[in-house]
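Only one structure is covered here, and it is reproduced in the block below.
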Amino acid sequence: MVEQTQEYKPSIQPSEEGRVLPSGEREFFFDVSTSDLEVNMGPQHPATHGVMRVLLRTDGELVTGAQPHLGYLHRGAEKIGENVEWLQYLPYTDRYDYLAAMNNNLGYSLAVEALMPGLEIPRRATLIRTICAELNRIASHLIAFGTYGLDIGAFTPFFYAFREREWIQALFEKICGARLTYSYIRIGGVFNEAPPGWLKEVEHFCDVFEEKWKEYYDLLALNHIFVMRTKDIGVITPEMAYDFGLTGPMLRGSGIDFDLRRDMPYMDYTEIWEAGAYQIPLGSGEKGTLGDCWDRFDVRVKEMIESIKIVRYCLGVIEPGPVLGDVPKVIKVPPGEAYVGIENPRGELGHYSHSDGGKVAVRCRVRGPSFVNLAVLEDLMPGTLLADSVAIIGSTDIVVGETDR
Amino acid sequence: MDFKAIYDHLRAVDAPGLIEADEPRLPDKETKDKGRSGMPFVRIEPASFVDFLLVCRDDPKLTFELLVDLTASDPAADDENLWVLVQLLSVKHKHRLAVKAYLPKSSASIPSATAVYRAAQWHERECGEMYGITFVGHPDPRNILLPDDWVGYPMRKDYEFPKEYHGVSCE
Amino acid sequence: MVSTKEYFQNVWDALKTTAIGMRITGKYLMQKPITVQYPDERLPIPDRYRGIHYLEQEKCINCLACARACPIDCIEMDAIRHGKELEWVAFTLDYQKCMFCELCVYPCPKDCIHMGTEFALVTYDRSELNHDLLSFQGMGRGARIRMREAQAKKAAKEKAKAAAAAKKADTEKDADEPEAAGAGTGGDE
Amino acid sequence: MTPPLALTALPQEQVATTPNPGGNALLDLVNKIGPPEWIPDWIVALHAVGAGVGILIGIVSLIAMYSVWMERKVSGHMQCRLGPMYAGGWHGWAQTIADGVKLLMKEDMIPTGADRVLFIIAPGIVLASIFGALVAFPISYDFYFARMDLGIFMILALGSTTTIGVIMAGWASNSKWSLYGAMREAAQVIAYEIPLGLALMAPLITLGTFSLLDASALQSDWFGMKWAIFTNPANLPAFVIFWIAALAETKRAPFDLPEAESELVAGFLTEYSGIRWSFFFMEEYAAMFLMSVIAAMFWFGGFESPATWALRSAGVEGGIFFGAVCFVTLVIKAFAGVFLMMWLRWTLPRVRIDQVMTMGYKYLTPLALLCVLIAAVSEAVKSLLF
């Protein structure tokens, strides 16, 4: 963090003819005067990743203050949750973090299932859920990778990232019929069985992706200009990360070894971890300071390859079987409250469901990781250059659908 | 630590404002109790909210470094209380704790947790605009998601949807 | 200040990583693109695609299960019952609201509402998006064009088939009994 | 004392291959046709100049148009896409023409609060300066707009005048983003003029001339491959430095800071639309072409290639066919340069403004000076040895 203690001393000295103001001060006339410039970055700006507005105070190229303004995409999703049935709320969860809709479905389903103690989730359903969630994590990180390149000014990686993302979307299209808002993982399992040959295609994707991933890393992450642009920028110290409640890659980028999949396991992630299928990439401060933008970016890029490993493990152990537990057509949830946090691509996605035993939720809270991660912006921005502010916003990897809900 | 151990430890260190633990229970037909599923809670006194969080954060056996979530809930339109719910998470010990405080709807106010966890800042702004809860000592108590001139607290159960907003019909 | 070593290291790194990047982009310059020219070529649409609905009207029993399952209440249906027969008044789906979640498909007891593969919903007027599922008029321009194309194709196929059959019949007739043809014509006379 | 360096030692027989030193080929052509006696000379001259301007505008428009099309195709294929495919039929060759027509038809918008006069004349200044610089661009040995002994000086001087237009555009737009773009442009161009000029010194020392035509003629040996980049060890690093500086001068990625779209929306172009915007666009591509021509002329043999050498040894020299071969050689070389610029653009991320300054002042300028030194020393050694 750079301390902002600059004061301006105009090069032209004030003239003697000044008048005395009512406050007793003397007013001088300057030929040249400087002042901070207030710039609205957004609501429509290429670097804000949606309709978010950041009010910047700049001193030339130097940013001296930043204030995020949210709410341009506020749709009252939590209120909707109190007015529709449990299953009917599922499509709305797609629309928080629209880049990782499978994970949102999963989080919501797990939160509702936590209130239904008798419900058994078939093993095949769990594995398909894991595969879908991890594939969607890759798809989401690909966007993070591509758009971060775009923020820094490299266009081509964005298209390479989209090429693979399109493939994942085509896979999802085959399994559930939608490309973005899947509504596939539902309470009690998944909506329908994977079509024949789908798992083979996923395996093929894994093979190809591992090759392409190396190219991504060479093309963008190790590029000298990219490294120079992102190292030592937006440093989040571990203390700061704790204080702001950061989760996910933002937390791991600061070198804190914490992943909900391993440390507070849900579904079958314990089994996968114990089988040694994946590691948890951490920010290392390899290129600059620990917890800078490069570290966060690096964690995201490396997580993609770890997700591939998880998918491969699941493909190895999956067996035929039912994919939906014993769920009635109109779901009635026993009274109770549950909070379930899962590892979304952006951090901990928490769903707090409160049921009074009826068909409709009493409270349907979503703890969006982007919302929390964005708060750190106010502290990171001052003292950086204008171009760095873009790099910092990009490295938080927010989805405005989730910050505003 | 599991919830039982955390609760016992909180009792042992005499955490300020701790009232009771609310654990899930099976339904009981005789007392017409519908039971409660889900997760256990700790209920605290709203007045000593900040002190309680400080204990949770700084006690070496608890070390809840992260305030994951702070939200409110309006259980029913005829209920006289609002709930404030806090989810704490310890990275070191890998455990969670859910904290709940009851606030009367007539005067919903609670000390702000911003001094303990800065993560609470935006969550509190959201609770403030959605439920009309006053967080005493919050450094920046503006609306965050709603426009500054919004009337009413939309997430309350007795909220009535406006007929129009700035000349735009909402029917 | 940077040290001398760092100075030249920077120069070297910049040149090297630029060369690596250029190798990758240059490689793709030589490769075949992966995109398709959309209106001319189309990617195959999977069977489960969630496009515009279609309704098997004769199966429907007006039970309202789909309308009730809809999270946004975009399905409206009404029918008058004459004994076992249903006289349909309306079955509309408002695509201004619909979010293609497929929740209306599962509860159907008669399995009569489906998600189609048509996705082109562009219209000149919002009111056109309130589709009447009872007729094809509501299916959108692209759907109508493709429907017409499909019908034309089918008709052409049938015509060809009929022609082939006729020809085959003719040749068979010719081959089997050439006199019979003459007899036939004679009969006509 | 050593004898005078190669700076003054122009091989006379090679200079003689460029006829009519100091004249204007167009004027000669008009004179050859022989207008009636009663038409005053100045009218003839005016017509010649008019024809020259017409040819120049035609060339610039064609270059800009096809550079844009090429950029879109190159970027498309690098990104596994196709780029424009419809307009015109074959690979969308008419796409830029269609875009140009669209831009002409667009509403002419001037933002409220803009300085109208500056806003309107800024694109003109930008375009005029690049046209001015292109006057020194020779089409072949016999056909050029102006033969100047200090041609490269004029190109550099007029080429950097575009900055004034850009700053005017940024200031006049009454937009904060535009102002940022203009200020960045000012800082950047000033920083990169120095290494650009210094890097050019190396081949200038090698060749010993400031004139584009002479530079080309001097590289005609060795089967048309006596290119300056091979004849002096300092010229390759000098070319790299020149190229980086040229990217910065022409506002191309990774130095497209004045219009950095992810930071400044579109920089100084934010408020421009329609035909005015396309003027800036044309300037960018014409400048790219011009920089590539300079590189081709002073490093890569100019008009010279084995083809011209073969023609010359077969006795075909001068005349339309030889001129055409010269022109095609140069255009191929220049478009190779343009392609290299595009390749770099679609590979690299954008540099930050302080890094741009650091790179210009701390890396390129000293290294360029070193190149000049090496070039001079090696030329001296050469003139001693041979």
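Letters are used for the chains, namely A, B, C and D, taken in the order the chains are written, and counting of residues starts over at 1 for each.
What we mean here is this: a residue touches a chain if its C-beta (ideal position, glycine included) is under 8 Å from a C-beta of that chain, and two chains touch if they have at least 3 such contacts.
Small disclaimer: the values here were computed from a predicted structure and weren't measured.
Asks: Out of every possible chain pairing, name the one holding the most C-beta contact pairs.
Replies: Here the largest contact count links A-B.
Asks: In whole angstrom, how far does the Cα centroid of subunit B sit from the Cα centroid of subunit C?
Replies: Result: the chain centres lie 49 Å from each other.
Asks: How big is the gap, in whole Å, between where the Cα atoms of subunit A centre and where those of subunit D centre?
Replies: Roughly 45 Å, centre to centre.
Asks: Quick one: report the Å distance separating subunit C from subunit D, using the average Cα coordinate of each chain.
Replies: Roughly 52 Å, centre to centre.
Asks: If you average the CA atoms of subunit B and of subunit D, how far apart do the two points sit, in angstrom?
Replies: The computed centroid separation for subunit B versus subunit D comes out at 66 Å.
Asks: Indicate the residues of subunit D shared as contacts by at least two other chains.
Replies: 78-81, 346-348 - these are the residues of subunit D that touch more than one other chain.
Asks: Hunt down the residues of subunit A that sit against at least two other chains at once, touch-wise.
Replies: Residue numbers touching two or more other chains: 156, 160, 163, 219, 223, 225.
Asks: Of all residues in subunit C, which are in touch with two or more distinct other chains?
Replies: 10, 18, 21, 24-25, 28, 34
Asks: Judged by the touch rule stated earlier, which pairs of chains are there in contact?
Replies: Here the touching pairs of chains are A-B, A-C, A-D, C-D.
Asks: Within their complex, state which residues of subunit D touch subunit A.
Replies: 75, 78-81, 176-177, 180, 183-184, 253-254, 256-257, 260-265, 346-355
Asks: What residues on subunit B touch subunit A, complex-wise?
Replies: These residues of subunit B touch subunit A: 24, 27, 34-39, 41, 65-69, 71, 73-76, 85, 87, 89, 91, 94, 96, 98, 117-123, 143-147, 154-155, 157.
Asks: Can you list the residues on subunit A that touch subunit C in the complex?
Replies: Touch residues, subunit A against subunit C: 84-85, 87-92, 156, 160, 163, 170, 173-178, 181, 183, 191-192, 195, 215, 218-219, 222-225, 329.
Asks: Which of the residues in subunit A come into contact with subunit B in the complex?
Replies: 70-71, 74, 76, 78-79, 82, 114-117, 242-247, 251, 256, 258, 263-264, 334-339, 341, 348, 350, 352-354, 356-357, 362-363, 365, 367, 371-372, 374-375, 404-405
Asks: Which residues of subunit D touch subunit C once you look at their complex with the stated criterion?
Replies: 74, 76-82, 85, 240, 343-344, 346-348, 363, 367
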